[in-house]
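Chains here go by letter, A, B, C, D and E, matching the order in which they are written, and residues are numbered from 1 within each.
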Amino acid sequence: MKETHAIRRRKAGQFMDSFRKNRMGMTGAIMLCFFLIMAVAGPLLLPYNAMDFGVADDVFAPPSREHILGQDDMGRDVLRALISGARISLSVGILSTLISMVAGTFLGIVAGYSGGKIDVLMMRFTDVFLVLPWLPLMLILAAVLGSSIWNIILVIGLTSWAGTARVVRAQTLTVKERQFIERARAIGAGNGYIMTRHILPNVFPLVFANTILVSAVAIISETTLSFLGMGDTLHPSWGMMLHYAFESGAASIGAYWFLLPPGLCVVGVVLSFTFLGYAFDEILNPKLKKR
Amino acid sequence: MKSVMEASALHVHFKARGSFIQEIFSNHQKKVKAVDGVNIQIGEGEIFSLVGESGSGKTTVGKALLALEHKTSGSILFNGEEIPSGTGKSSRRFRQKAQMIFQDPYQSLNPRDIVLDIVGEPLVVNNLIKTSAEKRERVIEALGWAGLRPQEEYLYRLPHELSGGQRQRVAIAAALILNPQFIVADEPVSMLDVSIRADILRLMVEMRDRLGISYLFITHDLSLAWLISDRIAIMYLGKIMEIGSSELIVGSSLHPYTQALISVMPLPRVTKNKKRLILKGETPDPIDLPVGCRFNPRCPVVQDICRRQEPELAEVTPGHQVACHFPKKLLVGAP
Amino acid sequence: MNRNYLLKKIFQSLITIFLVLIINYILFRVMPGDPLQMLMRNPKASGEAVARTKALFGLDRPWYAQFFLYLRQLLHGDLGLSFLHKKPVLEVIASRILPTLLLAGCAEVIAILVGTVIGIVSAWKRGKKIDVISLSFALVTYSMPTFWLGIVFVAFFSVFLRIFPTTGMVTPGATFISEFAHMVDIGRHLVLPTLTLSLVMIGEYALIMRNSLIDILTEDFITTARAKGFTEQYVLRRHAVPNALLPMVTIVAINLGLVIGGTIQVETIFSWPGLGRLMYEALMNRDYPLLQGIFLLVSISVIGANFLADILYSYLDPRVKG
Amino acid sequence: KEAVPAPAMRVGWGVEPDSLSPFVSYTQAGAEVFSLLYDSLVNFDENLVPQGNLASSWSLSSNQLEWTFNLVEGVKWHDGENFTSEDVKFSYELMMESGLGLYSDFLTGITEIECPDENTVIIRTEKPKANMLMITAPIVPEHIWKDVAFEDLELWENEHPIGTGPFSFVQWNSGEFLKLKANSSYFNGKPAIEELIFVLYANNDTMAQALKTGELDAAINMNVNQVKALKKEAGISVISAAAFGFTELSVNASLDPELQGNSNLQDPVVRQALEWALDKQNIIDVAYAGQGIPGTTLVPPDNFWHYEPAAGKKRSFNPEKAKSLLEAAGYRDSNGDGIREDGSGNSLIFNFMLRAKSAEEVKAGQMISGMLKNIGIGTEIETVDDGVLVDRIYAGEFDLFIWGWGTDVDPTTILAVMSTDQIGNLSDCNYSNPVYDEMLLEQSTLMNKTERQKMVWKMQEILYDDAPYIILFYDAAVQAVRTDRWQGWKQIPENGPYFFNLTSINYKNVFPVSGN
Amino acid sequence: MEMLSVRNLVTQFSIKAGQVKAVDGISFTLNEGETLGLVGESGCGKTTTALSIAGLLPSEGRVVSGEILLSGIDLLTLSQEELRKRRWKDISVIFQGAMNALNPVMKVGDQITEVIMLHDNKNYQEARKQVRELFSLVEIDPDRIDGYPHEFSGGMKQRVMIAMALACRPKIVIGDEPTTALDVMVQAQILNLLERLCRDIKMGLLLITHDLSVLGEIADKVAVMYAGKIVEMGSTEDILTQYRHPYTEKLVHSFPDIYGKREMVSSIPGDPPNLIDPPSGCRFHPRCSLATIRCRTEEPGYIDLGGGHITACHEIRGYEK
């Protein structure tokens, strides 16, 4: 199947060409790479131990040669905490998006493809998740499940699939009307086969762009949950850092080195995902193709 | 001639998307009578054309014959046996014997699949092959039949890397790969540029000649039907108005609708002062069919009886059936 | 307006509301923390008192009976008693709803207006500098955690510049010479929270408007309109934008649920006395009836907003049929 | 800047009263407000010594069972009605009968109340009642409360409280602010604060900001970290005062075999080892920004009843000592994983719950976890919200957690927490000791202060030895006031807080800085 | 009288892969009341020609050279603003696919009134009156003036488009495949209507189509385009029966003639040329059965066959007149 690979490469090549020309997309990619490297390699260079508390004078010590970004509310190095937070924030963002993507895609395709009563019921069910206030719903689920990092991932995944399901369903409805679906049925293909072999691959590109935007939202959600105290204290994410910054009054005592960097990091990562999602949408969404 | 496919009193009705209240509270559903009592027989090696305006029910007949659309009533015999409906074993066998070619080669091929997978898909779906080498072999064979040579050059192409004609050939190859006996070709050339139509039509005729495949050729272009088919049926609002050999239909049609169709058909000659029979108005709503002959509101020679009684399809001359109370030749057409 | 369409939408909304009711109910049954514990703030209550309180809140019946009780009360417009406030839930909510409406309303309006304008400008000038700049601005603000933006705003505008008050909706306890002075005072307090809440929403609206407009601008009828000799502005205003606005209608309605999430954060940062904070407090105190009430209210308003959006949509888009 | 009639004082706080009814409220904020709106028979002076309030004088019968209170004459309710002894009788009886409110506990032991005339109240008790003069229960007006049906008492909101106190009620926008105004006809003289406005802050960071910008004149529940920063601000006096309370590491000391906790915690040696392992000062420094005093027993220092273990007995930070204690008791790390095992090979790994609500406690918990690791004790930290924690405590499914208590001037309430009959109720460490239980009952009847002190000390010593609680530290109340606006602020008692100090002295005594 | 005269029009699109030479030096004239048919396979540049004349090229397209004279004024020299004012008044367009050419959320009547109000300075009421007249002209019930496009059938929408095109009495109407996608019967109705209007209103009609057969019914003259060039032009009669160019021949023979012999129609072998890098010499040579070496290298000029019949082919001698 060498040729198939060649085709994949060719398609990927075309995609990369368009991508490289997309300024926002490239900015996003570079930013994301930066954060990915930070998350993967950072802890090797500047390991962080959440239990590495300082003494009285270390608490909120401003930036110094030793601690470039100063020290936090427990006298730990902010830079190291930031680096270790990258790992948490990114994994939460990516994993919860995965859950939401799988659930949303599955429900969207099944609802859109099946139509009729199944569709109506599934979509009403989806609506419920769209109309329930999202943040409190997450807070409640987090309270129900307890705030371990895995639960946070689950909670974000479980509350964010509805949007994806809608997008996927809408897309499925248009793909379903394409003749190649009819053709597949004519040669005797079953529903499962059609959904996985024909609908999914054609729905996926748009889902993909959407997914990246969902990751952005997931990271913000994690930050918000943590900020409101529903995070995992043992795995301090940027949101958790902000929570502690705020709880310990970093803003009012002027410890900007503890308040700004995690916030900026969140903005950076989310922005990189947003830019990427925007760029993929530009490239993959046929509606946005230039005339 | 032995008939391969035979439909009698075929009805296909669709639920009209009525009002919401009706849908919930009422049993009296309005219906779109897309196919409303159609009888056709298609002989072995015959090209049978179904001609009619948009919405007349041509595609629905084609799909019903392939069990892709649920028939409301009537019988469909394939090789003398009622066609299976479910997804059982006999249904599988039937699917392999009866195939379909679609109108739009841009739409009917999955844009993300390569030719090898598209053409080989019927084999995979029906578990007819074991190895990918076998698949490749059979695909190459089918591409050859469809006139895509050298085959290897096409195997790994994506649909958008093919011209329209090539795409339609790929679709045909995919239909041929299972050695079908009967193919429904639903407007296979209407989306193609005139300059390549002929190739596809010729290919179909060639396959009939070589492999003895029977076709139901669906088209809105009477001249194409005339060109390649043995017999033609003219459809109007779910019913067949006239059936006969190509020559009879074009040369001595008896139904005013057929005659009108022929008279307005564009021809590659100067026809500026041709006498045309242009029907007034538009095709009625298939949900609210007119009483009597369904053509009566537009008929140029309508009589009282036409508004009361629906004419049956009746043989006027051998092999020429018409559904009209007053079948006769009007003086129209011919430049 | 098509009556059929209306009925269908009402029916759908009712199904959704019913599902919301069930999920809402289940959600609060599985929450940890014994409600009674929270309810009886008097830790030394006698067994008799506990039983009395249980009965008062219907907690002594089996769960299904509680559900039907709940439904029956709902039909009578009774959302129960707040555990925490010991007042009818509806009353508690009513006392907090106006500030939230004010805040969320202002923020939505600003976000929609600014987002739409940015979307239009950047779609129209696609690829030009102004597109990149305005879109980047919208996306950057979109990427900010709401609470963080709020904190930064307080630090900058209230503490550093001292031009806006840090918190609250009015200067607490102040007596005002006139109603106008009162309004001005509320206005000053409103600026920062509104700004925070709207900034994070602008990006989404801008992006949707932009994509939708770009899509519309490729349509044939736009070429027709140009061919008719209209100016670009006229084509944009009269033909492109009305069509491009259609998806916005739906999105705005759906977003209402998100806005509530945003108000929780903003109201916490700015001590805004609204529903968001009430909800957060209720959550922290396991005030089930109150939470349930707010959830129901919010869900129904979102469903209602969606319903209105559907009607508006069918009004704006004559193609929509029943 | 705004049109506010001076002198108005705005006080920021982080929690508001849960109700304005003394029968419904159980919060400190509620008590603070009641002390402003209402008067009690007696209250405390600057040194927390009881003094007369509505009672001008009192006497105790020789059998120590009958108290006679003489009331101040001419006191009027805020609505102009006359205050009489019947109001006192009515209030006390309602509290005793309903058992509702923060104050009803103080009234146990009272058998009869009599009003021989308008200005005299006689209270009879079953046994001598040592805390009779600690009762600060608000006296509510009978003419209003008599109309409240007994069953409705729990729901009656008391939306517009009428009291006799130094301030009268103006307005409460729940979630926003609570506004009071000076009672111009207060029998003890009108306060200088014309309008007193408590402003609710959803977070104490903005509260600090508001104090700095001058939107507030005082702030009550400040963050410990803000002490340092606010000290630098001119015109602001920030204090970190000994509050009435402590924070403890609670250990599931239950002896009940049915309970789910780790059985190794039933061994007092293990519990003591925990304490030896903790560097309390370091915890205070890092997790609490240095605000707090390392703790020993349930009754805070500076209190007459406080017992301080002798130097030889006191467990201070000494991990080596902890290790050797554990070694001696047979807890050794036999499998080399850094965690000790007991005789039957069960690891000393304890579940450790922290309240998500309190950032400081979570921080402290993490530090404790690290310190325990040092002596070979493992912890599994879980951050939970209060609802979960309470559930788990009642189910007995816990080993360790951190929480705190607020205390009174009188030691009975806090000591009662450890009594056996509070298991399943107030007790959150399931401690049980019959000797202790008996002493608890007895001390409350000892009218001789020295005698009673001895017994209370003994009780604290028992607890210290058994270590069901490891008192981490005595809380610091961080409060700040703008001294450039108001003067005359007093810490009560000495080094105590400005607010929430069981008295309303500051509200009555501060006055505006002239020219403001 | 000569109304529109296009001379050496060259239009190109700039895309990533290079310059698409969509229209490469075409010239023709259109007289008052005359119908010129422009025919050719898909992608040969018909629509581009129309858009160039109407000044509606998308941003990546550009008229490189040539003249478009309308009543003697070169449209290409006019400023954007002047051009805009003349649009629809001088040249109106009936677009391919009327279903998409009408604004779906605007009443059809309003879509016509707005253009009348703009160009004829009429007020709304006057304009509406005129629209009702136009509706009668194209045989639509004037009472449907307040309907929305989706309430109309395909044929009626096409009529609305025609009414719109006629609203300002333009000198020239360009019809870009106005009947494709319509049923034969409706197509006949529309063609009949156009024929009548040309006759009555004396407008020039440039009818673009890929269906040669419809031109027999309506066109006075036909220009056959191939790969951005006009390869043959003449009266309809000349083109359909006296064709000289091999491409024209193949094209004519692609259509079955039910009054002729029932034999298989022909097809044109090979693929349409790439317009970024078109074939050298005669652009048709790779697909032409008569091609010689000369055809491959030398571009043929027009040969005047008399009576306005011109063709561009080296091998014209291969045909007997």
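In the analysis below, a residue touches a chain if its C-beta (ideal position, glycine included) is under 8 Å from a C-beta of that chain, and two chains touch if they have at least 3 such contacts.
What you see is a predicted model, and the numbers here were worked out from it, not measured in a lab.
Novice: Can you name the chains that touch chain A as well as chain E?
Specialist: B, C
Novice: Can you check which chain pair, A-D or C-E, has more C-beta pairs in contact?
Specialist: A-D
Novice: Distance between chain A and chain B based on Cα centroids, please, to the nearest Å.
Specialist: 49
Novice: Centre to centre, by mean C-alpha position, how many angstrom separate chain B and chain D?
Specialist: Using C-alpha averages as centres, the distance is 88 Å.
Novice: For chain C and chain D, what's the span in angstrom between their mean Cα positions?
Specialist: 39
Novice: Can you give the whole-Å distance between the Cα centres of chain A and chain C?
Specialist: Computed value for the inter-centroid distance: 23 Å.
Novice: Hunt down the residues of chain A that sit against at least two other chains at once, touch-wise.
Specialist: Touching at least two other chains: 143, 246, 251-252, 291.
Novice: Residues of chain E that contact two or more other chains, please.
Specialist: Residue numbers touching two or more other chains: none in chain E.
Novice: Could you pull out the residues of chain C that touch at least 2 other chains?
Specialist: If we look for residues of chain C contacting two or more partner chains, we find 31-33, 151, 154-155, 159, 268.
Novice: Would you mind writing out the residues of chain C in touch with chain A in their complex?
Specialist: Per the stated touch rule, the residues are 12, 15-16, 19-20, 23-24, 27-28, 30-33, 132, 135-136, 139-140, 142-148, 151-152, 154-155, 159, 203, 207, 211, 214-215, 218, 254, 257-258, 260-262, 264-265, 268, 279-280, 283, 291, 294-295, 298-299, 302-303, 306.
Novice: Please give the residue numbers of chain A that touch chain D in the complex, ascending.
Specialist: 50-51, 53-56, 58-60, 73-75, 143, 146-147, 229-230, 232-234, 243-244, 246-254
Novice: Within their complex, state which residues of chain B touch chain E.
Specialist: Residues 53-54, 163, 193-199, 201-202, 205, 220-224, 226-228, 246-247, 250, 260-262, 264-272, 274, 276, 278-279, 282, 334-335 of chain B touch chain E in their complex.
Novice: Within the complex, which stretch of chain A touches chain C?
Specialist: Checking each residue of chain A against chain C gives 23-24, 120, 124-125, 127-128, 130-137, 139-140, 143-144, 216, 220, 223-224, 227-228, 239, 242, 246, 251-252, 256, 259-260, 263, 266-267, 270-271, 274-275, 278, 281, 285, 287-288, 291.
Novice: Please give the residue numbers of chain C that touch chain E in the complex, ascending.
Specialist: 219-221, 223-231, 238-239, 242-243, 246, 316-319
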